[in-house]
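What follows is subunit A paired twice: with subunit B in the first complex and subunit C in the second.
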Partner chain A sequence: MNKKFNKLYNILCVIFALIFIAAMIITVSALPNIGDATNPTNNEVSEKYLTDSSWETGSLNAVSGMILDYRAFDTLGESHVLFVATVAVFILLRRDEDSRKDLPTRCLNQSYEQAYDPILAKSLEFLIPAIFVFGIYVIANGHLSPGGGFSGGAIIGAAFILYLNAYGLESIERFCNSRTYLICSCCALLFYGLAKSYVFYVGANHLHSIIPVLADGSILASGLILPLNIAVGVVVSNTVYALYIMFRRGGFSR
Partner chain B sequence: MQILMASLLILLVILAVTIAVTKRLLPAVIIFMSYSVINSIIWMLLQSPDLAITEAAVGAGISTVLFIVAFKRMGLFEKAIDEESAKGTEKEASSKSGKEAENE
Partner chain C sequence: MIRNIIGCILIFIGVVFYIISVIGNLKFKYILNRMHSAGIGDSFALSFVIIGCIVINGLNVTSLKLIVACVCLYFTSPVCSHMLAKLEADTNPNLEEECEVEKECRS
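Showing the complex of A and B:
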């Protein structure tokens, strides 16, 4: 009976998958062509963004002008999603002092996770500064070139993970432990939320910061977009690193 | 350009099916990473470099690392290695299990 049911189940699975694939392909083939001038997406909204975003927001990159100025609350929500995800992982995986006692030492010993690898450590001496500088470049030039807080933050988080794997938990916890994680993330989210709330409170008139809105291709010429990019980058890099270290054996030691 | 795009898309479908079919976990994760890399090339061809950078950093880098760490923590790689060694010659397997029994 069970075997028969399994066979039927497999056949039904394949049939359902084929029907689903056919429906998807029919839907996709009904979509308009990419880059066609008569597409419904070519309306006044994208036209407004493309023509006005450079002088209104000071961002030469229309995408970051859109996500950090016109739709800044959207990005705020995304940053909070990341933060909530890490907090959920913290709740599920973090071990406090009491439960640490009951576990076998194998589960907590961080040095069990990796052996010191001289090739990795030596090559990362050259690679890690380069990755950090590239990540900072991507964040700081978010309003001039492709990139921004999300991608630059992910690059810096990857650099943190490499550092942790090459030199061990003790050397990275000198400057990056759970306390600094919480302080940095909360400050970045608070700054973002307050700055954008103020802007929307005064009717989306731009917050008059020290940084001018020029859009002339220099880094300090985009109003609030650069600080907001930095805040998003801090949140993303912290999230990436915290998720990695919580999934690792042992987690944060402090 | 058309041929490049078409071949990339076909490769994407092949990789997606391969991920679902692959039994061993580490190769599946690595194929998933190559899927993300090809996806980011496609974003680049569609003239959205922002998405391409994010896809390369998050899809190919971070999610692969997180998958590997999570599987390692669950002990799935160790189990796979055990199964592989068990598939070796019967003599080896029997002697190994005998040793294990002695250790226990």
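Showing the complex of A and C:
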């Protein structure tokens, strides 16, 4: 009985796979050509984004104007997904004192820990400030040049990881531990949600927003986009660093 | 015209060093040897290619960015090689079979 069922199962698997392959191939062959001017993607939505975003949102970078103004709700969801992903990794990998007692000591000492290295530390003394400044520049100029919260946050998170590897956990614990992680991430997400709720409320009721949009190419030109970029950058850099440290040690502290 | 020729010569030198580095990377089997040949490409060949690009481009903001990239790579790639070599020397228990180890470095 079981053998017969297995044979039937295999045959059904092959048939299902063939049906799906045929469906995919038929769909792909029915798709329009890439770059065709009459494609359905070249509609009035993208045209409006490209022509109007520079004076409506004040952001010269059309992508920033799109993701933080026209589609800000989508970006809010993305930053929350990042936070939820970190929380899930916390739940799965966190090693507190109780679970640490159960492990044999050789498991704890098995991981290779890089000792303090003077060459790495000296060269990173020059590089890490430069990387931080570059990340802050990318975030703060996200609405004027290519960049924004996601890319700048990834750069700053990488700088945190470099710092951790060069100077050790005790050194970075002074300014970046689980408390600061929670406070920064929650404040950034709360600020994002509140600011965007205000804007949506004002827009839906046809009221006048108190947040000015200058649209003159200066750094404060785009109203809410700069603070939202900073909030997204804080969340992304925290997420990158927290994921790294969770997979490295199973917790913020040793 | 002269500038183009000088830049092309510099880029050509860089590409030759890259070819040497790739051949070494494919020929050698042990990690320290391969790292030695990869380091040539990382620091020397890349600098030559970037300097050639700067000479062709002339003096403007793009050249400044290229110089910053060159300096950063010249900083980071030797440190990266050093860290890799240290990791190999620290974790490989059979290091003496592969290469000579000085007496005071033996753990």
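The rule is short, and it goes like this: the second predicted complex is superposed on the first by the 195 of 254 C-alpha atoms of A that agree within 3 Å, B and C clash if a C-alpha of one lies under 4 Å from a C-alpha of the other, contacts with A are read in each partner's own complex, and residues count from 1 in each chain.
By our rule, a contact is a pair of C-beta atoms (placed from the backbone, for glycine too) under 8 Å apart; a residue touches a chain by one contact, two chains touch by 3 or more.
The structure displayed is predicted, hence computed values, not measured ones.
In the superposition on chain A, A:146 makes contact with subunit B only, while subunit C stays out of contact range.
By the touch criterion stated above, A:32 is placed in contact with neither subunit B nor subunit C. In the superposed pair of complexes, A:77 makes contact with neither subunit B nor subunit C. When the two structures are aligned on the shared chain, A:247 is found in touch with subunit B, with no touch to subunit C. For subunit A, the partner that touches more of its residues is B, with subunit B and subunit C as the two candidates. In the superposition on chain A, A:126 makes contact with subunit C only, not with subunit B. Across the superposed pair, subunit B and subunit C touch subunit A at no common residue. Against subunit A, in their complex, subunit B makes its touches with residues 46, 49-50, 52-54, 57-58, 61-62, 65-66, 69-70, 73. Only residues 34, 61, 63-64, 138, 146-148, 150-151, 154-155, 157-158, 161, 240, 243-244, 247-249 of subunit A touch subunit B when the two sit together in their complex. Residues 112, 114, 117, 119-120, 123, 126-127, 130 of subunit A touch subunit C in their complex. Chain contact summary for the complex, subunit C toward subunit A: residues 72, 75-76, 79, 82-83, 86-87, 90-91.
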